[in-house]
Structure formats: structure tokens, C-alpha cells
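Note that the chains are named A, B, C, D and E in the order they appear, and that numbering of residues resets to 1 at the start of each chain.
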Amino acid sequence: MNWLLSVLFRLMLAGVLTFITLPLAVVIAASFSPTSAVTFRPWEWTARWYGDLVSERWLLPFLLSVKIAVIVSIVSGIIGVMAAYAVVYEKIRFSEAAMSVLLLPLSVPQIVKGVAIVLFLSLVGLQSFLGTPALIAAHIVLALPFVVRMVATSIANFDRNLDRAGQILGANKRQRVQHILLPAIRPGVLSGMTFAFIISFNNIPLSVFLVRPGDTTLPITVINYLEYSLDPVMAAVNVASMIFILAVIFLFEKIGGFSVKLHGGSK
Amino acid sequence: MNTITLAVPAASLSPIRRSYSYMALSPAALFLSVFFALPMGLMIGISFSQEEVGGFSVESYRRFFTDGLSVAGFCRTAVMSGLVAIAVTVLGYPVAYFLARSRSRWRAVVFALALAPELAGVVLRTYGWLIILEDRGFINDVLLDLGLISSPLPLSKNLFAVVVGLTHVVLPFGILSLMTSIQGIDESLERAAQMLGASRVSVVRHVIVPLSVPGIVSSLLLSFTMAASAYATPALLGGAGFKVLATMISEQVLFYVDWPFAAVMANALLLLMLVISFVGVRFEALHRIRRSGAGRTTA
Amino acid sequence: MSSIDIELVSVSKSFGAISVVKDISLQIPQGEFVSILGPSGCGKTTTLNMIAGFNQPSFGDIRIRGRSQGRVPPERRNIGLVFQNYALFPHMTVADNVGFGLKMKGAARSEIESGVASALRSVHLEDYGARYPRELSGGQQQRVALARAIAPRPSVLLLDEPLSNLDLKLREAMRLELKELQQQLGMTFVYVTHDQEEAMAMSDRIVVMWQGAIAQTGGPASIYRHPASSFVADFIGKSNILTIEGTSEQEATLDLHLAGSAISLRAKRPPHRQQAGFCCIRPEDIAVLNNTGPGGGGVNRLSGTVRRVINLGPSLELAVEIDPHVVLTVLTRSSLSASLPVMGDVVALSIDPDDIQVLPE
Amino acid sequence: ETLVVNSYGGPYEEIIEKAIIAPFEAKFGIDVIYDPVGSASQDYAKIKATGGRPGFDVVVMTASQSLQGCRDGVLEKLDVATIPNLAKLMPRLAAAAGPCGAVHEVQYMSLLYRKDKLATPSSWSALLAPELKGRIVLPTFQNIMAIYLVEMMSVINGGDLVDNLDPGFKAMEAVARQSIGFEQSSAILESYIKDGTVWAMPFWNGRAQLLVDAGLPVDYIRPKEGTIPLIATLNVPVGAQNKQSAMKFIDFFLEKTSQEAWIGGYKVGSARTDVEVPEAIRARQITSEADLKTLLLPDLSLVAERLPRWAEQWDRDVVPQAD
Amino acid sequence: MSSIDIELVSVSKSFGAISVVKDISLQIPQGEFVSILGPSGCGKTTTLNMIAGFNQPSFGDIRIRGRSQGRVPPERRNIGLVFQNYALFPHMTVADNVGFGLKMKGAARSEIESGVASALRSVHLEDYGARYPRELSGGQQQRVALARAIAPRPSVLLLDEPLSNLDLKLREAMRLELKELQQQLGMTFVYVTHDQEEAMAMSDRIVVMWQGAIAQTGGPASIYRHPASSFVADFIGKSNILTIEGTSEQEATLDLHLAGSAISLRAKRPPHRQQAGFCCIRPEDIAVLNNTGPGGGGVNRLSGTVRRVINLGPSLELAVEIDPHVVLTVLTRSSLSASLPVMGDVVALSIDPDDIQVLPE
């Protein structure tokens, strides 16, 4: 009965993981496809498409994407934590409404957001802001709800007794946030920032409207290419950048980023 | 000195502290105002204009409610997003649980796998699903070859395909918010339940799930909103017969260039989400109040 | 010793409709060691929390060093607190936990290190600095909580059952350490405990709380020997509380007629002239006579049957039935040498009149 | 000096770099920044949202956007004085694109088919042949090809191009029943015919030619009933920063030699009748007044206006027919 | 009583490099009340956790009702556990917490209700069913944890310091309740406590642990009176442990020469023939003689100066310096009647040779 359950659980886990990885496997397989059509024929393969990647055409957009994503994850991490802190921790007035509003940017299709931002900036005469700065700002708006939500979840779980302990030991608000709250909610913050990174790194619909000519991000480059040819280079681009970021995350996790060591501490 | 002062209730305790917390909110508020609220305000303004005529008009709203297609698209969006939200949360929960609790060396691998789909672009992933689900796709091929079916199963170009595709897109977000929440639950509570004879399933049902409500709400909200505003996946996997608001909006923006009407649909979507997320946040807050009693915290 | 460190002025506290602390007034001079004793749920932790500033009194005022604390947040009250539930920081090592207060004060690194080392030494955990709280046993966690509170050497320290999870030996050692620290530094201690022996051994003064109010305040010996009410008599130490039906006065003594039985006891005449309601006899004040032969003058001589024997180690606790309505608890030495009473034995008891405390109704 | 040119990616980019941009840079000493971001409609949305200041100076779109942009006032009106080569274009085509667009290329909707499976068809009605049951794929309505196909079917069945499309929709229901469904992306559409899942479909002839050149067993025809062209235009947003150079670039693109290079490279038609191109290309592309006669030119502003209504009709009548 | 409920066979446990439990073997028959006593951090909780199934032993085997439990998960071992840190479900009311076990067993609603009511009654919290754990005091929470564990009436119950946060009065009441419950239902109790009086009062058998190993097992009286080592003697109860430098044997007695002083004590000859290393004298076995006049036969008569007096309520604890190297702790009755010794008094002490316990090195 019990082993049945644990087998069942593992099967479920395996099922979900298969579900998650299946299309990726297809894409990966396609990236090794010898024909220029994206097909699923794992028995024939070639690595030649990866060779095509080492060119400015792919490297420059890749670097730009990484740069933007890093900035976005840091900035949205900081202001997202601040916002979640105000809303969930300090419980400011109308905090529930504030929370809903903070999540709102998620709910507007990006194409609308894109057009709206461009319209707005043009209207107030800030066209010069279009391009990478606007791209970063728009991505932050996009990523902020994720950060806020993840951090809010962490703060909801935070044991306020610890805060009291800090208080009685003479820590002022800033010190308590720095030394007690932040370390305790670190996994949530990191999760949020990871997603901010990914969201920015993969964004197409917003970016299409905001990129500056000559300075395009990787996904935009990909989608433009894709319009014309559905060939395995695409798959190879994706697989390569996926592996890169996966390595970064894996490293993060190994260093101890996402795992909490927090249990069994207070009674 | 000798008069007994009535104690000040904690809520109005220090105005300074309150203003700190508003300050903490301000960068986000500023960002959202400039890059979200004002632009969206503009869109709302546009929704009341009629380009040809100029000036104020509710024509686009009239059209939204009367053309039949828009309201149908709205309902389709709600149903699809609801299904995705549920699927993501249900499928994500076991993975999140494993990630939150496991100390096995596979943990990091599973973690990476769970995030992996996010790292491949949406479009490409969707092609991946196409290759799998199409009439001439992987699944139908295998089933046909095995003789289990005689004609391809309708796996693509319908609600099913879109829900599958979107679930796949959103799943990592669900997993991460659930995981964050489950990690915050004291493991000794699980042990206590086990000691009282609760099976693994009961432990999850009676202890873990109720205590991870913030995470579940997060997961549902994030999934719902992401699904409802997603464009590429429904467009590619839903086919011509399955249009949701997001696809309809982008048609209006790009193809018909009818921005007032696009703005009306966007507003409808916004309203739907505002209601849903307020309900969600409110539910969570109620839950928290109930859980934490009248404010005193011990053990 | 003269200036008042902490003063509670008619403090009350309710949670919603539940009234938890009721009109407490208390003055604690600087350098005093005050213990708060009381049954579970009587409001001890709530009172400490109000002094610390985590709860605001519903009514009344709290003053620290003469200043009303209405708007002062906990971190600015300059007092320490050992939490009943430890509240250790799970993400910090033991050393970081203990050093936290000093760090917040802006102490230099070397100062923090030596402060941590000495605090850990005084809780006997010098080798545990590098561990995380989750890697410690319950008692070790409790000691870390204690070390964390004493490391910054606050001038006022509130302790909420700080030794409850320690074994006797360690508890005794810690008591000495704490007492020494307190006296050395002239700190004011407010010590909540459920262990009356501990309270007796350490305190200058004991506050007994009951149902949110103060039942009695006084020195350890006086509380034990002169309880103000039958609640205190019963709560502090073991005691036989007997209801008195009537009295007849003698010159310097008082004869007490016990309710529901024909037994009378002679007691010292109490100084005050209240109506006697109960009398209280400590179990250890009842002597078990080895043989029923004459001796001791014959005052308050009783005989009864042993109904229960509990061996507490250093002593035996007997329940002796004198009469169907009067069962006395008697504490007698257990010893390897003497033959010990067993169930069913008939024993003779004697009580010195001076040891009978007469209490008002 | 620099000039920002927005256009498409993929093979288009390679060819335009070689055939047009490199010679232009050499000739005028102007640096061209090539911006492959966005489809024509995305580009137009960007131009409109920025009020004509999208950050690029020249953009490749189609006649539909040219007309719209003119009406919305976000595209510069082009003038023979600054772009002398405008005068060399076939007037009917130039007129179809309105005053804001310079027609630099003409494609048409062709009937693409697998020559290893089918005998050469000659008419749009071939799509209704019984052997094509389940062997065709159709564009979605957001691909302008869809409405052009309806219009062609309408013309064949007694209706006309814009005023009475009902016969066309009626016929399309039958075509839809033959089809395996609808796809928006050209890349996906062509993947079906590449792997043989479908045997015939409407397709822009430029891309069809690329497939033929790639050696696939496919070919395409201009059906005997004629067809509707895809008129590609060069446009200049009103707020362009380098208007001078933009005009130079457009004029250069319309130059006889440039047009010849472009037609030879990208295998499309031209609005100039005086271009000299190999016979193989001339046979299949629009390069002369005679070719123009085989084309039907619906009024694109009317089409744009009626599109939403037709979309409803398409969704209601045509889409459900494909299962 | 005969069948073995729980059996530990050479069980060891390490966390990483830290060895926490070392080769413990123990058999607990059905229906027995076993207490585990030991200093903080000696491995008590870890041992319970292994029996409960939360930790797997690094070596050795755990058997419950004869079956090895290697792969049996905690919920299927059919034992109850009261957690040292309570682990109450914060999202459930007190009643739901207490009823959880019954609910998991699939009990009917009415059955759950009555079970909850009776469990709450036995911890004196009948009116608290509707509260959430956060609305309770520390001691109340602890009692809820206890009620929750006993409500489903498991046949084996592990208790980890279940009464540590209760006051003496309540603790005594709870002891009786627990003991009664245990005997009524024939449950097996494994009771971890740091309170030796509690262990003595309740247990059939006491296991004393030290640094992860078992130091002694035995009945309460025998552990107190016949400690197997100086550690046990020192740990269980208060005691004077004196180092012996040499002995001279008499017929039935043994003269002990104390290290570093000229004092000799006469003791009963121990049955075993080991080298005597220490002797242990309980403070309560040292009599304080009122006058230094003759009496008691003169054996083991000592005199010394009182250096410290602690009033513990029922008794006084004196530190009497006999000699610069020998300071004895003496427990004597405190009484209203007698005049009490004060610091600096010179007192005469006498020790019955039977009360001196000789221990091997």
C-alpha cells in the first residue's frame, strides 16, 4: 500500500517531468536533424547547425539579451521586494487592492502593453527613450508581478517571532530587514529574480515594438529568422541558450540559492 | 507624569513607520504608473474614441457586446485560463513538493528540468508540441503504426492542444511559487500528522495543502493571468477555430488596425483579471487572518 | 538599588473579549531579581510582552526608568528578552545568533567574538558556535536563546521560562551563572518560571500571578511561609489545605476544628484578626513518629493509615488517611538505613503548632 | 551618414544586402543599418504608435499599409521630384499603392502543387478536385492571401472582387471541406507541402519559386482566371530622421539595374516594364504590361474597410467546414 | 506484560561526522512505563525519533512488536509521539488538532467529538477547543500537544518532555492523569524527561543516557540508591561525590580515606569487590545535629562552617565546609518552628554508614 503510493508519487513526478521535457526533447532532437526541415528523426543526426551559431549574427543579440535580462532581474528584484514588503509585511492600508494592482501588468496581453507604451512615450515626446532603455523598463513592468508574488508568498510564511527577537536585541527596522527578513525569504526572492531573468530573456511580443534598429535581442532575431525558415538552426539557437542559462541556474542552486536551510530552528 | 495614559492602539502606532512602508512601495508604484498605468489609461481613452469620427464614442463597446464573437472569445478565454490554472497547480504540486522536501541528489536535476522549458522560447516550444500533437504528429504516428486507432485523434487545433501548450508554458511558474510556499512549512508538522496515523496522502491533504494556500493562490493567479494574456501558444496550437481574447486583440492591433476595438477587448480582459486576482488575494488574506488568530504569535 | 527600573501602572490587557491581564501594578527597582510565578495561562508571557513592547496594554501605563513607554518600540527600550519559544534565527549559526545583539549595537568584531565566546561558555556550549539551530537538541537551543539574550548585557533582562528544557544538573549550574551575572553587572531580572524551587532559590522577590492578577508579592521565604491566600499556599510548594469550621481561642494559641471531622488542631495565634477559613500545613512539617509511644508533648498527635507511597528519591511522599475526610500528604526522608513505611501501615504523625498557618477565608 | 532600413529577415536579408544595400552604400557613401525586426503589420503598428517616428527611415511593407499610413498621416507622401524613378513604374500598380508607397516588387498569389502527385492544374477550381480531398491547406484569415482567395473564387463563380463576395464564400466552403485546416505562418504552410502532407495550396509566388529552386518536387502556376498580386512597397515614416537618404535609397532601389538585380536574386516581379531579365524569370514573374493584365486589382482601401465584416463571415461559414 | 513492544538492537546514529547515539540496546515490554533521563543533548530526542521512524539508525535495528521496522514509515508504526516542540497545526483549532488522529483512523464524528472532549478534559483545557494554537500560552500549547497524542489512544506512546512548560501543580496533576491512562489502557510509555522527580514518580524503569550511550537501567529506587557510576550518582538527584584515596576494610564495614584531607568515613561494605573510587552521599542523608553534644554513637561525626544557605521552600540547602577540600551539600528541613542555620554558623553533621554509597572508579 505504501510502496504503491510512493511508486505512484514517483510515477506522477516522472509523468510531469516527461510532460515538461517532451517538447524540449523534440526540439533538441530537431537541432541535430540533418535535413533542413524541423523533424523528429532522432536516428539521423548532425551537429552542423551548432557550428552556424558562432557568428555575430547570433552572438551579439545573445549578449544584449543577457545584459538586459540581468538588469531587469536585479532592478525588478529590488523594487519587487520593496513592494512586497510594504504590502504583505507592513500591511499598508488597502494592501489587498495594492497587491491586485501589482499583479495587473500580467493580465494585459503584451501586444497591447507594447503598443500602449510606445503610444504613451511618443505622446509625451520621449521617443528617444525607445530602444534598450524602454525595453528594460517594459520588461521590468512585466517581471515585477512575478517577483512581487513570489516574495509575497515567502513573507506570508515568515515567522514574525524572529522579527521580535531581532527587535529586542536592538535591531532597528532596517537592520531587521537586512539581517532577518531578507535571509529568511531569500528562496522566494531568488525564484522571483530567476523568473524575471527568464521572462526578459525570452520576451518577444513586447520587444518587437521596443527594440532599436540594429540592436535586437535574441528571441527577436530568432522570430525574424523563423518567419522565413523553420530550419534546425533555430532549434540549435534555443538549445544552446537554454544550456547556458540552465548551467547558470544549476550553479546557483548548487551554491545554495534556492534551498532553504531554515527548519528546526525556532520552536 | 502621574496620569495614566491610555495605551495607543498598535495600528496607529507610528506614522513614521507607515510612511517608510509607503516609500518602499513607491519605486514599484512609480514604475507601474509610468510604464503601465498611464499607457493603459491611454488605451482606455482610445477605447472610447472612434478613429474615423474622433471624439467620444462607445461604438466599440457596443460592438464588443453585440457581435457575438467577442463575448464568445471572452468566455473561451476564461474557460481556457481556468483549465490551465487548475492543470498547472495540480501537475505542479507534486514536483513542487518534491523540490521543497527532497534531499536526494536528484533534486538539483529535477529543479533544472522543471525550469528548462522556460529557457527555450515559447514559439519553439510550441512547434515542439505541434510536432507531437498534430494529426501527422508523433503521438498519432505511433498510435496509427501500432494500429490502436484508424484515423488520427484530434489532438491539435482545439482547446485541448492550447491547454496542453499553455500548461507547459506556465508550469514552471506554478512549480516555483508552490515550492517557495511549501518550503516555508515546518517539517515537524508533517511528522506530527504522520505520528497521528495520517498517510502521506492525508498529510498532504490536511496539513501541507492548507498551509500552502498562499502558494496555491499564487500559482492559480499567475497561471490564470499568464494563460489569459498569452498570444503565441493559442495562435499556433488553437488554429483558426479557437480564438481567445489575446489572439483577437493582436489581430485587431496588427491586421485590422482597429485600436479602439482592441482597447475594448484589452479592457475586458483587464477587468476579468482584476476581479479574479482581487478574489484570490482576498481569499488568501482571509485565510491568513484565520490562521494567525488575533495577532499574537507564538510557536 | 533605589531607582525604579520598571513600573507597571494598573496595566490590563485583553485579546478581543478575552481579558488576560487585569489591573496589574508593580514596581521593580534597579538590580532586583524578580520572579513571576503562576499557573499555565495566567498571563505571565503576556505581561513580559507588554514590558518588552510587543503588546500594547489595553489600559494602564508601562514605565521604564521613569519614562512612559507608550510610543517606544521594543528595539529602543534597551531590554533583553529570552523567548519562551526560543525564536532563534534559523539562517544564522549559533555564534551569529548570539552575536546578533552586539552587532546591532555596532560593537567591534573582536568585541563581538569575545562576547559570543563568553556567553556560550556560560551556557556550556563553547564548542557549538558553528552549528545551525536545527542541528541542536531542544535544551541546547534553549541555552542558545539564553546566551543570545545575555550577550549584549542589557541592563534589564526579561526571561520567559529560560531553563524549562534543561535537566536538573544543568539547570542548577545555569541558575548560579545567571545569578552571578545579574549581581556582577547589577542587572534587573524579571524571571518567569513555573519552577518554584528555581524562583525560591534565585529571587529577591516573587510575584505570584493568578488569572491575570497579582495574588501575592514578597520575598521567597515569606511567600512560602506566609501565603496570603489558599491559592498561593496551594500553588507554592506542596501543602495540605484544610477547611476550618470553627475555632476556639486560647491565650497564645488557637484551636482549629476541621470541617467534616472531629479533629482539632492547635495552632499559633495569627497576628491579624481575620476570620479563619483555612489552615495550611506543609507536608514536610508533619513528622512521622517511628513508634506510637509517647513523646513531643502530645500536642497535635494524629494517627492514620498510609494509602499511597511515592518515592521521590530524596524523600518519600505519603498520603495518610486520618479520617475519611482528612487525608494528609506527608513528606518524609527516604533513607537507605531506616525501614520505610509501606501501603497500609498505620503511622503516628505530629505537627508543631508553629507550623500551622491560618488563612482567612 | 547613416540610414536605417527595416525589412525582413531570412533569405530576404541576404539577397537585399548583396543586391541593393552594398551597391547603395558604395555609391552614396551612406551607411545602411539593416533592421530585420517585425512583419509588415508589426512595423505599421510601430509607425502608427510612434506617430511616424519608429526609429527607421525606410520600411518595406505592402500596398495595404501604404494606403492606411497615408490616410493616418504617418507616412511621407513620395514625390517624383525627389524620386525620379517613380515615374517609371506601371501606373496601375503605382496607383494601387497610393501616394505614400513606392512599389519595388510584385508577387502574386500562385497555386503551388506537388508535381510528383498531380498533373499540372490550370484553374483555381483545381482545388476542388476530388483527389485533393484532405490534401490542401489554407491560410488563416490573418494572412491576406485568404481574402484574396475568396475574391478569386468569387470572380470565378459570378461574383466580383469587393462588392459581392457571397459566391466566393460559398465556393470557399467547399474548398475548406477539402482542406486539413488553416495555418497563418508561411513557414508552416510550406512545411506541409515540403513533406507531402498536402499536394496543393495557394502561395505567394516569390516563396514558391524559392521552393522550386531548392529542388523540391513542386511547381506553381498563375491560374487561367488570373490572380491578385501582393504589391510590396517602400515607405518613409513622416518622422524619419534621414529623409534625404531615404529618398535616395528608394530611388536607388527603383533604378533599372537595381530592379534587375533584385528580380534576379529574389525571383519576384517588378513594377518596371523596362527591366531586362532572363527568360526563365520573365516567364513566371510580372514584368510587363501584358503580365499586368492577368492580375486583378481590388481596391485595397475598400478591402481594408470590409475586412472585419468578411472576417466574421469567414469565421462563421468557412472555418467550421474544415474539420 | 511479557511480550516485548519495542526493542532497540545495537542502534547507533550519526549526523555526518557527529556520532549522536552509540550502540544502544533496550527492550521495552508491553505496558511498561520507561523513562529516559539524561543531560541536554545526550541523544534522547534522537532515540525517540528513531523509534518513531523519522530518523533511520545508522547501524542496528529497531523492532516494534517483534517486527523489524527498517522500511516501515512512521504513520504505520502505530505509535504516538508528543513532540518536544509541540508541532501543533497552526491552521486548525485546538479541537481539530486533538481530533486529528481519530479522524485519520476514520472514527465517526460523534466518536471524535467525545474523544476530543475527554482528551481536553484530561489536560484541563475543556473550554479551549475553539481557539487556534496561536491564541494559547506556552503551557496550554504543550497540553494541547499532549491531548492530541493521547486522543487516539495508541498502544505505544513516546513523550518528549511533555510537561516541561507546566507549573508544579499542573505537572503533578498531569502525571497522575497520564499514569492512570497508561495503566487503564495498558499502554507502553517511553517518557523523555529532564525532571528526575517526575521520572522517579512515574516510571517502572528508568534509562539514564549519557553522551549517546546508556549509563544505567533500573527501577527508580535502585537508580537513586545504587547508582552504577559517579555520573549517574551525580546526575540523579543532588549528591556529594567524594574521591576516595584509600580504604581499610573492617568486618562489615569499610573505612574510606578521602582525597586531599585527613577525613575518614565509615561505610557499609559494598557487596561487590571492585576497587572503590568514589563515594556518594545524598544531601538529605546528612543530618544536622542541633547541639554539638554527644549522640548517635559517634560514627561519621563531622563539624563544619556553613558557607551558603539556600531556602528551597520545604527545605534548606546548606554548603558546609568541613575542610578546605571537602564542602558538603546538606539538605535540611526548613520549618517555622526551629531556628534556622545562617551563614558562618558552625554545625555538627552526622552520616549513617548505610547511607554512604561506594562506587568503583
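Miscellaneous remarks
Going forward, contacts are C-beta pairs under 8 Å (C-beta built on N, C-alpha and C of every residue); 3 or more make two chains touch, one makes a residue touch a chain.
Which protein is which chain? UniProt says A, B = ABC transporter permease; C, E = Spermidine/putrescine import ATP-binding protein PotA.
All figures in this text were calculated on a predicted structure; none of them were measured in a lab.
Minimum number of contact steps separating chain D from chain E: 2. Taking the CA centroid of chain C as reference, the farthest chain centroid is that of D. No other pair of chains has as many C-beta pairs in contact as A-B. Here the CA centre of chain B (ABC transporter permease) is 56 Å from the CA centre of chain E. The geometric centre of chain A (ABC transporter permease) is 38 Å away from that of chain D, both derived from CA atoms. One simple way to say how far apart two chains are is to compare their mean CA positions; for chain C and chain D this gives 93 Å.
Residue positions 15, 45, 73, 84-85, 135, 138 of chain C are each in touch with at least two other chains.
Residues of chain B (ABC transporter permease) in contact with two or more other chains: 186, 188, 199-200, 253-254, 294, 296-299. Counting partners per residue, chain D has 39, 42, 45, 185, 188 as the residues that reach two or more other chains.
Chain A (ABC transporter permease) makes touch with chain C in their complex at residues 159, 161-162, 164-172, 175, 179-180, 183-184, 186, 261-267. Here chain A (ABC transporter permease) touches chain B (ABC transporter permease) in the complex through residues 2, 5-6, 9, 12-13, 16-17, 19-24, 26-27, 30, 38-40, 78-80, 82-83, 85-87, 89-90, 92, 95-113, 115-117, 119-120, 123, 137-138, 140-141, 144-146, 148-150, 152-154, 156-161, 164, 173, 187-188, 191, 194-195, 198, 201-202, 204-205, 219, 222-223, 226, 230, 234-235, 238-239, 241-242, 245-246, 249-250, 253-254, 258-260, 262-264, 267, going by the rule given at the top. Residue ranges on chain B (ABC transporter permease) touching chain E, taken from their complex, read 186, 188-189, 191-200, 202-203, 206-207, 210-211, 290-294, 296-299. Put simply, chain B (ABC transporter permease) touches chain D in their complex at residues 67, 69, 130, 135-136, 157, 235-236, 239-241, 243, 251, 253-258.
Those residues of chain C that touch chain E in the shared complex are 15, 37-41, 44-46, 84-85, 135-140, 143, 160-161, 164-171, 194-197, 200-201, 220-221, 224-225, 234-238, 282-285, 310-315, 331, 333-337, 352, 354-355, 357.
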